[in-house]
Every structure is written in structure tokens, then in C-alpha cells.
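Each chain gets a letter, A, B, C and D, in the order it is written, and its residues are counted from 1.
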Amino acid sequence: MNLNEWIFIGLFFALGWALPATPIVLGKILAPKRPNQVKQQTYECGVEMVGSPWTQFRAQYYIFALVFLVFDVELVFLFPWALAYNQLGLFALFEMTVFIFLLVVALVYTWRKGALRWS
Amino acid sequence: MVPLWMYLVVAAALFSTGLFGVLARRNAIAILMSIELMLNAVNINLVAFWRYNTPLDLSGQAFAVFVFVVAAAEVAVGLALIISIYRKRQSVIAEDVNMLKW
Amino acid sequence: MELTAESIVFLIMSAITLGGGLLVVSARNLFHAGLYLMVSLLGVAGLFVLLSAPFLAGVQVVVYIGAIAILIILAIMLTPSVTQLPAIFNRQWAFNLALAAFFFVLLVSVVSPIMGELGVDAWNADFTQKNPADVPADSIVNLGKDLVDPDKYMLPFEVASVLLMAALIGAVLLVSPDKAKADEGGED
Amino acid sequence: MTGLLQDIGFSRDLAVLIAKAAGVIVVAVFGLLWTLLGIWLERKWAARFQDRVGPNRVGPFGLIQTVADTVKILLKEDIMNKGVDRWVFNLAPILAVLAVTLIWAVVPFSAAWIGTDLNIGVFYLLAVGALGTVAVIMAGWSSNNKYALLSAYRAVAQLVSYEVPMVLALLVPVLLSGSMSTQEIVRQQHIWYVFAAPLTVLLFLISGQAEIGRGPFDLLEAESELVSGFHIEYSGMKFGMFYVAEFLHAFTVGVLTAILFLGGWRGPFAEDVAILGFFYLMIKSLFAYWVLVWVRMTLPRVRIDHLLDFNWKFLVPVGLANLLIVALVWKAIPGTDQISSFGDAVVPTLALLLVNVAMFLVIGALLADRGRRERARIEARVAGADLPVETVAGAGD
């Protein structure tokens, strides 16, 4: 494999920071800086902050991330499969259908359980 | 290229770091993160051995992909357990979870 | 080790990986630990690229950073009271540190060429090799073929799907609020 | 350029490095400069959709408006509220922009111009997309603000959910072309994939719109509920960077649509004249981008439960079915494994087009039926239980 292709990505990572960072630093230099207590209050629609932002949130968000995680891992398998698809037989399609079917079973279970429901 | 043993040393260091985290951290999520580090060390080893010993056969890569699957499943269930326990006890300290101890 | 471009990149990536890893286990703030975990995982992805496995590097970023680490960070955000603990390590941490260090020394002594120089060759393996054969350009295509090949990884492949299904169902069961229990008063 | 540098006296490795670095700077600076023009363009379009004139004061047709805005925002005070996590707070906008500009590394601008032609190009796009989500979470978490935090949670739910149909859509061009390299996918499009897979294009555009977080999917930064969400505490140039990232991301989705489905740089004489290919790509990208702006300006924001239902109960099943059906048809037609000219591609494209039309009809019928039943159910419940409509409307599963 040619590592040269990846040098570009590596350099992009190394240099890409500079482009958005430059205007921010420039802004730091040019802009006025006069902080005061009131200005630095956390914004809460004009009233003073009530309690800490760390109140309990619903675990619903976690379930969506969870379903995503499982799908994401499965999709990783789909990429080499799709890439090699032209050189594979019909059996490969069948296998992938089984694979996806099992995934859909899990999704349907989650759905039926009502875990995908927001209310 | 870089000799094989250097990759193995890096993996060993990462594994030991993770091991220390698993043994010493109190927070259950931190323990889970340390386990991820250990799994990653395993993956480095798998891919490095594949690259240096059998680059024509893809067993090492395939194995690494399955490690990803196991890691994902482990994290999904592990975090679900932690969140579930947190809901009941308002704590994720591993030592506090002693329901099965006597 | 002579300093070629490749070895420099290797050193940088190793430093990122190990530095990130050390920060993960030592960070006081758990959210930061999660971010450091991402850094460390990115370093591992870099090592994969160096090892001519760009697909795995991609998988590493997509699955580990894009899904697993995000899930972990989400869990950290959902269990807020513990982002700042008075003590992050348990009481036996010194002993554990010694144990991990001992383990590291043990591993290094096995894999590094020191053993060979001492004349011990118990593993019958050569860890000092430097010039393996090139990886064929279509290795990802071959990976796709192998994964669905009945003679190779077809079974693990389908079992992986079953495992993920089970994990999803189990995790959803654990997390989704149990209505029947909540009605009874929701004791442990 | 490498040869030139070597002539000056650099070693080969160093010359390659410098040439690559120059390439990086060209691509990244182009992306950011394009933003200056693109924001003006979008504001003009948006104004037209809303029956306004749009920016027209600074420079001819208001062309320099964005430059003026940039100068203004540079001079704005950068306020950091109490309790922010400084490092994370400052890194988030930078990462947001970086995550988008990194995509441009694999964009084939023409037959000869590409940052780097990775053999895992499409996968790389996904990987980079994941970094954008991280930036949003970092911003939301570090702001020490309830709205920002809520927005970060929503980011996880929304961005991450819509990545699934996005990936399912990306898999179709990979399957059709048998390659993950962006350049190779463009080369394989003897007939644009939009004709072979219109349903996939639709999936890609919808999930793309959600990934950018723009209306009707702008729940991350809903002004009226979350007072602009994760970047609520940002001001000055840091806010500016989030703005740039959002715009650039939107345009990048247009570019990706053009590359994956509209034939990229393909067009008359594009193979020989590089600048023509670049020109074609930009025209196609702008068209795709215009469609996105059109949707944004036309549709109202959806509710979060609808948003997630729409993804998991509609887009994902449709995406999975679409992928399997396309794969089946692709296998059923002989000769699809070696398509090397326009002639080879005609029959498969027509067959896929027919299948796609059939899928559209089936999906349309299913949706119409579902809509009828839902309406009937709500009407029955409203009539029977005499409840106010609001409490019933959201009860559907």
C-alpha cells in the first residue's frame, strides 16, 4: 500500500487546525476584552441561572445511541461486502439478507418494546 | 519498516495502562474505558502480527473486525448496566455495587 | 532504529496512543477522560494505517470514536454526580500500579529482542523482522470475500450478527424504564 | 512541483512533503474562501424564497457583505461565561471546521485534481463525519449551560441516528461501482447514478440535511426552544467558526451528492481539460446545494419524536430494503460486473430505474394508507373521548 496517500491526510490533520484557529486568535487580538460579572453569567433567557445544568436527563437518548452503535458495527461489515459484491455469488446476497434480518429483528424488538417512543 | 517488536511494545504499554485503569479506577465507566484500551492493544497486536507474518491471508484483519464487534457489544451492555445501577443507587462507583456480596 | 519518515510517524502515533491512554486512566474529570480516549483511539487508527490496514483504521474511527466513545461520553453525561470524585483511584492503587508495571516489564521482556540476545528462544518466533511482503492492493475486497466465504468466516460473521442482536435487546431491556415495576413503587 | 523543488535542492522526501503541504493549504484555503462567496449566495437564495431582496448594500449586489460581516465579527468581544471548560470550549469550534474541511481532502475536483485518492474514500467520509458529532458534544458539554447541554443530547440522538440511512445510501454507489475511492466512483458513472438509484439520492439528501442540522431538522439549534443550542454561549469569532462549519458542511453535502450521484466532474471534454471538470462539479454541487436550501427554507421544523420516528421507523427500513433490492437486481442482470462504457450501463440503469419507480410507488401507497389510518384513529379518539386535539395528536407510535 502506498503510504504517500495518507501523508496528505496526516498533513491535513496537522495543518487544518491552523485555518480555523487563525481567525480565532486574530479575534482575540483585535477584539476588546472587558469582562464583568454580569456579562459572564450563563445565559438562561434573561433570568439568573437556576441550579446546575447537571440535572437528570432521560435515558431515552442513550437508547438511540445504543441502536445506532449496533447498526454502525453491522454497517462496517456491509462495506467490504458491497465492495466485493461484483465478484461474489448469489449466496453472498442471501447471507447478507440473513445478517440484516437478524438486525431488523433487534430493531423491531426495540420498537415493539416502546423504547423508540419519545413520550 | 519499523521492526515488529516495537508495535508489540506499544501494545504492551497500552495494555498495561488499561490494566492499571481497570484495577485501580473507582468509577465503573472509567473501568469500561480502560477495558477499551486493553481491547485496542489486542487489536494492535493482531494487526501487527497479520502485517508481518501473513500479509497475504486476511485472518488478522478479520479477527480484528470481530474484536470490534465484541467491543461494541460489551460497551452497549456494560453501559446499560451502569446506567441501570445509577438509576437505582445514584452511584457508579464500582465498590458501591455490592448487591451480590455478603 | 534509523529515523526514516515511517519511523517518525510511528513514534508520533505511539506517543498519541500511549499519552492518550495514560490520560484516560489518570484524568480526574470523566468527560475529559472520554475525550482522551478518543485521542488514544485516533492514535491506534494511525498505527493501523502504518500497518497497511487503512480499512481497519476507518473502522476504528467510525466504530470506536464515532459510536463507542460517543456512547461512553453520553453515559458519562447521563450519570452526572460522579464527574468529580474526591478520589479517583481505590485504596489498593499503588499495589495495582506495581502489578501493571510488572506485567508491562514481563511483556516487554518477552517481545523485545533482549530475550534473543540472552540466548533464550522459547517462543520460536522472530519479533525482530522488518521487511514483510507487501499487502496486495485489493485486500479490502478480499476481506469482503472472506467474510461471506463458507470456508472462512461465514459462521463468525452470522454469529456476530446474533451477538449484536442479543446485546441490543439486552441493553434495551436494562435501560428502558420498567413500567410494571414503577407502578409497584420501584424498589430494588 | 516535486520535480521543481528537487531542482532547487531539496531531498526527495522533503520535496514530496512540501508539495503535499502546499496541496493541503490550497484545498483548505479554497474551502474557506468559497465560504465567503457561498454564504452570500445562500442568503440571496434564502431571500428569494422568502420574497425578500437579501444583502444588496455592500459592494455590487451585496457581494462583499460576507467580508464586512467577517470584519465585524472579528472585532466583537469574545465572552466566556463562568464555569466553562476552557480547553474543550475553545477546541470545539476548531474541531467543527476541521471535521468539514477534512472531507475536502478526498473530493475529486477533476480527472486530475484530487487531494488524495484514498482507496477507502467513502469510508473516510464517514469517519470524518464522526468527528463533527464530537465537536457538537464538546461545545454543548463545556458551555455549562442547560440549553447547550440539552442540545448536545439531541445532537447524539439526531446526528447519530441519521448516520444510519446516510451509510445505507453511501453503500449503493459503492456497490454499483465496486470501489470506495471517490475518484473511481466518478469514473464508473458512465450514466449518472441518480438515474439508477433515485431513491438512494433521496435518502442521502434527507439524511444529509439532518446531519448538517438544518431545517426542517434543525433541532440541535432550534432558536425558539433551545435558543440556538450548543453554540449558545459562543460569541465573536468562535461563533463565526461554527457558522462557517455549518455552511461548509451544507455545501459539502452538495458536493458529495454531485460526486456520488451526479457524475462528479464528468461532462463534455472534462477528461482533457481539467478546469472544465472543476466547473462541472461546481455547477452540479451548487444545484444539489440549492435543493438543500430550498428544502430548508420551505419546511417547518419537525418535532423531536417525529424526527426520530421518521428515521428509525421509515428511513432505516427503507434504506435496508433499498440496498438489498438494488443488490438483487444488480446480480440478476448479466454483465454488471464489467461496465466500461455508456453502452454497457444502459440496460442495468434502465432496469434499476424501473425497480426504483416501483419502490417509490409501493412506499407512496404504504405512506398514504398509513396516513389515512392515522387520521381516522385520531379523529375517532377525538370524537369518542372528547379530548382536546393536542393531547391526542402526539400519541401515535
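The working rule: a contact is a pair of C-beta atoms (placed from the backbone, for glycine too) under 8 Å apart; a residue touches a chain by one contact, two chains touch by 3 or more.
Remember, it's a predicted structure, so these values are computed and weren't measured experimentally.
Common neighbours of chain A and chain D under the contact definition above: C.
The central chain here, found by comparing per-chain C-alpha centres with the mean of all protein C-alpha atoms, is A. Of the two chain pairs shown, C-D and A-B, the one joined by more C-beta contacts is C-D.
Remark: chain C and chain D have CA centroids separated by 30 Å (rounded to whole angstrom).
If each chain is reduced to the centroid of its CA atoms, chain A and chain B end up 21 Å from each other. A straight line joining the Cα centres of chain B and chain D is 33 Å long.
Averaging Cα coordinates per chain places chain B and chain C 5 Å apart.
Counting only residues that touch two or more partner chains, chain A has 1, 6, 54, 57, 59, 61-62, 65-70, 72-73, 76-77, 79, 82-85, 87, 96, 103, 107, 114.
Looking at chain B, one finds that residues 65, 68-69, 72, 75-76, 79-80, 83 touch two or more other chains.
Residues of chain C found to touch two or more other chains are 6, 50, 52, 54-55, 59, 62-63, 66-68, 70-71, 74-75, 77-78, 81, 134-135, 137, 140, 142-143, 147, 160, 164, 167-168, 171-172, 175. Chain pairs that touch one another: A-B, A-C, A-D, B-C, C-D. Against chain C, the residues of chain D that register as touching in their complex are 13, 85, 88, 118-120, 123-124, 126-127, 129-131, 133-134, 137-138, 141, 149, 152-153, 156, 160, 163, 180. Contact residues on chain D toward chain A in their complex (touch as defined above): 16-17, 20-21, 23-25, 27-29, 32, 70, 73-83, 90, 93-94, 96-98, 101-102, 105, 115-119, 122-124, 143-150, 153-154, 156-157, 160-161, 163-164, 167-168, 171, 174-175, 178-180, 227, 232-233, 236-238, 240-241, 244-245, 304-305, 308-309, 312-313, 316-317, 320, 323-324, 327-328, 330-331, 336-337, 394-395, 397. On chain B, the positions that touch chain A within their shared complex are 65, 68-69, 72, 75-76, 79-80, 83, 87. For chain A in complex with chain D, the residues that touch the partner chain are 1, 4-9, 11-13, 15-17, 19-21, 23-24, 26-28, 30-35, 39-45, 53-55, 57, 60-61, 64-65, 67-68, 71-72, 75, 78-79, 82-87, 90, 93, 96-97, 100, 103-104, 107, 111, 114, 116-119.
The residues of chain C lying in touch with chain A in their complex are 6, 9, 46, 49-50, 52, 54-55, 59, 62-63, 66-68, 70-71, 74-75, 77-78, 80-81, 83, 134-135, 137, 140-145, 147-148, 150, 154, 157-158, 160-162, 164-165, 167-169, 171-173, 175-177.
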